[in-house]
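Naming follows writing order (A, B, C and D), and every chain is counted from residue 1.
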Amino acid sequence: MTAWLKKSILKKKEPDNQWIKCPDCAEILYKNLLIDNINVCTRCGHHFRLSPDGWLGYLVNRGTFKEINENIQSVDPLDFSDAKERYVDKLNRSMKKTGMKSAIITGVGKIGKQKACLGIMNFAFLGGSMGSVLGEKVARLFEHAIELSLPVILISASGGARMHEGIYSLLQMAKTSAAIRKHSEAGQLYISIMTDPTTGGVSASFSALGDIMIGEPGALIGFAGPRVIEQTIKQKLPPKFQTAEFLYDHGMLDMIVNRKELKSILIELLTFFG
Amino acid sequence: MTAWLKKSILKKKEPDNQWIKCPDCAEILYKNLLIDNINVCTRCGHHFRLSPDGWLGYLVNRGTFKEINENIQSVDPLDFSDAKERYVDKLNRSMKKTGMKSAIITGVGKIGKQKACLGIMNFAFLGGSMGSVLGEKVARLFEHAIELSLPVILISASGGARMHEGIYSLLQMAKTSAAIRKHSEAGQLYISIMTDPTTGGVSASFSALGDIMIGEPGALIGFAGPRVIEQTIKQKLPPKFQTAEFLYDHGMLDMIVNRKELKSILIELLTFFG
Amino acid sequence: MSVWEKIEELEKQIDKFKSLSVEEHIEVDEVIVILKEKINDLHKNLTSWDRTRMARHIDRPKFLDYVPKLFNYFQEIGGDRKFKNDNAIICGLASLDKRKVVVIGQEKGKDTSDKIYRNFGMSHPEGYWKTIRVMKLAEKFGLPLLLFVDTPGAYPGIGAEERGQLVAIAENLYELSGIRIPIIVTILGEGGSGGALALGVGDRLLMMENAIYSVISPEGCAAILWRDASKAEQAANALKISAFDLKEFGIIHEIIQEPGGGAHKDFNAAADKLKKSIKNSLNKLVKVPIDELLDQRYNMLRKFGVFKEK
Amino acid sequence: MSVWEKIEELEKQIDKFKSLSVEEHIEVDEVIVILKEKINDLHKNLTSWDRTRMARHIDRPKFLDYVPKLFNYFQEIGGDRKFKNDNAIICGLASLDKRKVVVIGQEKGKDTSDKIYRNFGMSHPEGYWKTIRVMKLAEKFGLPLLLFVDTPGAYPGIGAEERGQLVAIAENLYELSGIRIPIIVTILGEGGSGGALALGVGDRLLMMENAIYSVISPEGCAAILWRDASKAEQAANALKISAFDLKEFGIIHEIIQEPGGGAHKDFNAAADKLKKSIKNSLNKLVKVPIDELLDQRYNMLRKFGVFKEK
């Protein structure tokens, strides 16, 4: 059992008497019921963020997931410190907090009757920011999928680049895009699922290169962050700007899928292309 | 000497005392001087339409042009008559008037030191409308260019489809596009020059498929005719709408070239890609 | 009385006999059979203008009506990845019984609000860019492509011209002429001008019996050549735009027979026939080596046209 | 006194000595030579922030300045064929002495109106679609591709997001990673974020001595990590964005030396050096079989990144 799986089981043992308020409909939701409902508000359908273990539990057939490259870890190539702390300290805090070594879990599992390579990002790990490790794990995932002649499903959630790794962070966009091209040239399917939020370098590289691109309802998806845009153009952004619905209307997504229907849609797609 | 060449020489013998008013600057231009200036207003630079013989005289090295497929002629596959006359009668009138058998001249010639396949449309022949003959001659031109490993330069001027040939007219769009693809797959260069006007089926097939697309200043270029659009949207069209300049701004053209500079630009392009 | 009016009259008679049969228990089945045959005979004599009216009939089944009849799986996929998801063209992954295909169809819409949503089946450039995006997806996975045509034409508007309707249509023709998958085109209703042709290039061209396919709308042709848009009937007939005309010209491969009175009179029967024809064509096309198929496609496109030489 | 200020002081001294030499006929050439060497030495010690100021210097040569210095033939070609001709990216056919190449460069503009026209070198999606269109033209004719980077970043605006900045940039990365022609990237000034990277994938990466290449602008990084945009200097230095940093990281292949005080102090010398380097690289790249070149390109991209395993 990997560290994060242990951690996720531990989490389940936390006190149950926790309540969460839905930001869309203001309903007070019982946390365990929300988890049972794959973090979708039982009243209005608001999609809360879902952790990698939540995603795996929902999508992947029990006991079929084999993680790969779980031991790749970040280093601090720039010896970077910001105003408050050193990057290495920040990393250690995040690893402790999330029980994960990076912002993504990659591996192979079964969804329905189909085997697929899976990547699931974790926004809780430094905002799902892309550094060398994320880029490397994504590239290896696609290379693994080429070797095994498998499709890739990648669930994105990212605030952008891991600035602390400087230029290395930026270059992951090129690295992952190149690996996806290899996978595509091998004739394999890639389904990209964009969850809240998918912005910055992740949005403008592997997330945007799916044969099929799926957005979650209401998810923030865009290249530039909304605040940066507001500062640049010096005006308020229109409502719904950079939501999945906005992107769909503008031709960037194949479909918007409610989380509850996502599994069956994925099974159908894997079967169709399989 | 082909029929149209004879005719064009005859034309030159017409009385010289003719004057033309420039629609842009209202200057009264002496016709022979205008012809010497390749039909560009000597005062404001307005580009008048240029006949195929005018184009050949300007662009192609003297004595190097060999026409091909000059004997392809229209028939009347639908036995078509409109309110006024039969299509065959209309055709005969146009042939007499222009001394040409169709709305395009195709052949091989030298421009500077480079050999090229050339197609030059004649708006005076039934508004440069595209029927079976135009489509066939364009397709054969590209096939000829594949055989000879030559680039193609095609100068368009067309009001749209030759309705009198019904569905045959429409299908020339597909036929010519397919031939261009073969030529492109053979690695050859195609330069499309759009002159006033290039609209309808011609604009949305071979004219729009150049590796390099050049527009003449002020030329009307578009798919739908301006009147059709006005009737549909029930409002006036903005100024400069569907001009070459408008198309350039919207990313459809590589460049707008003054007729006087066109020859040297073409020689440079042929040399560059040659 | 025009052929069209005769048919309508006969249809009324059939309805009368049917109610007689139900209400008065008079056995008139034989009469109804004869009347239906009569209608079928008359149908063969419908003019291009009659076909135009049929092709535009308010009850005529649209692309989205055919989808559930033809396919046991259909998943719409959207987007040109550049500007907008054009709702006048619908793309999807589909299963035709056991065969996986990619489907692109023009949709005019049903009721008023749907028609507006679909822009009456008239695409902007983004619709054609979407088809290119989706046909390349089909090519990547070696899936046959089914194209369904039903449009008055590409939309003639400011935005459409700004965004290069001419390039978008030309690129569709260019791509379809060489894409390395089998393509079947079906003209369902109105095959209007370049906007239809942009989805009209394939290895096999099917046409519903009451569909039309024309270089210009009858009204447009009448306005230009008759200088009177109300002369659309003359123009339609002069243009020879019916399925029977196009079959005679050797341009389409097959006419899909419709029930008397049009596809909407017995939509199940019409859709069944179409499905059978598509399946037959598909079964043949998938057996042809792809390079041979592309040669055939090119030769077919190359032969379009009539002219004399010398 | 910062290194930057020291250099400025020395430059002033040189000017003084020069005028002495002219006006008073005092022979101080030797002094000037020594001072220039001093400046060159100091240059090596410029911080990332100093380099940022150099890269953004008002007099710094822009892409269009380099064009006539590098190429004996240059013909701009425009258009994405879809939406707009983005003036922040310029594409052209060019001859580098006798070698034909295709050139794509980011242009920030010179004076105010030109800067506005060029949108300060910040592209919209149509700029990136234009580059894809043009690089495919280069690929068709087997022409090497020269990319020139100088941008604060892709434009962050409503239209840019509406038209899919994210897809446009991603598609550029995708296409460049596999396009079957040699590519040389030169970072001329500011290599800002994804907007720069979109033109930053190639077989050989050159960087002007005073150019910078960064995942985020120093100001942006300071605003986020220092919660204070005025801490840009700290951020720049922490981000390590100078050519010397990137050379040390093994990310760029070559630093193009600039004259003391920056490329604008002796632009001919700077352009000459760049031309020589591009020609050298090109001569090597065109000899590599294309499949091998693509393998090398992939391996280079694949190796970007530092991490530990286990």
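Note that in this section contacts are C-beta pairs under 8 Å (C-beta built on N, C-alpha and C of every residue); 3 or more make two chains touch, one makes a residue touch a chain.
What you are looking at is a predicted structure, and each value in this text was computed from that prediction instead of being measured.
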- Item | Chains contacting each of subunit A and subunit D, listed by label | C
- Among the other chains, which touch subunit A and subunit C together? D
- Message: If I rank B-D and B-C by number of C-beta contact pairs, which comes first?
- Response: B-C
- Task: Round to the nearest whole Å and give the separation of the Cα centres of subunit C and subunit D.
- Result: 53
- Note on the structure: Expressed in whole Å, how far the mean CA point of subunit B lies from that of subunit D is 42
- So, what's the distance in Å between the C-alpha centres of subunit C and subunit B? 32
- Item | Junction residues of subunit B, two or more chains touched | 250-252
- Query: Which subunit D residues reach two or more other chains?
  - Reply: 81-83, 129, 162-164, 167, 171
- Message: Can you work out from the touch definition every pair of chains that touches here?
- Response: A-C, A-D, B-C, B-D, C-D
- Query: For subunit B, which residues are in contact with subunit C within the complex?
  - Reply: 69, 71-75, 77-78, 80-83, 131-133, 135-136, 139, 161, 163-175, 177-182, 185, 200-201, 203-209, 221-225, 228-229, 232-233, 237-238, 241-242, 246-247, 250-252
- subunit B partner, complex, touching residues on subunit C are 154-158, 160-167, 169-171, 173-174, 176-178, 193-194, 197, 200-201, 213-216, 220-221, 224-228, 231, 234-235, 238-241, 245-246, 249, 251, 297-298, 301-302, 304-310
- So, in the complex, the side of subunit D touching subunit B is made of residues 73, 75-86, 93, 95, 100, 126, 129-130, 137, 140-141
- For the complex, which residues does subunit C have touching subunit D? 81-83, 125, 129, 162-164, 167-168, 171
- Item | For the subunit A and subunit C complex, residues of the former touching the latter | 184, 187, 189, 211-213, 248-255, 265, 268-269, 272-273
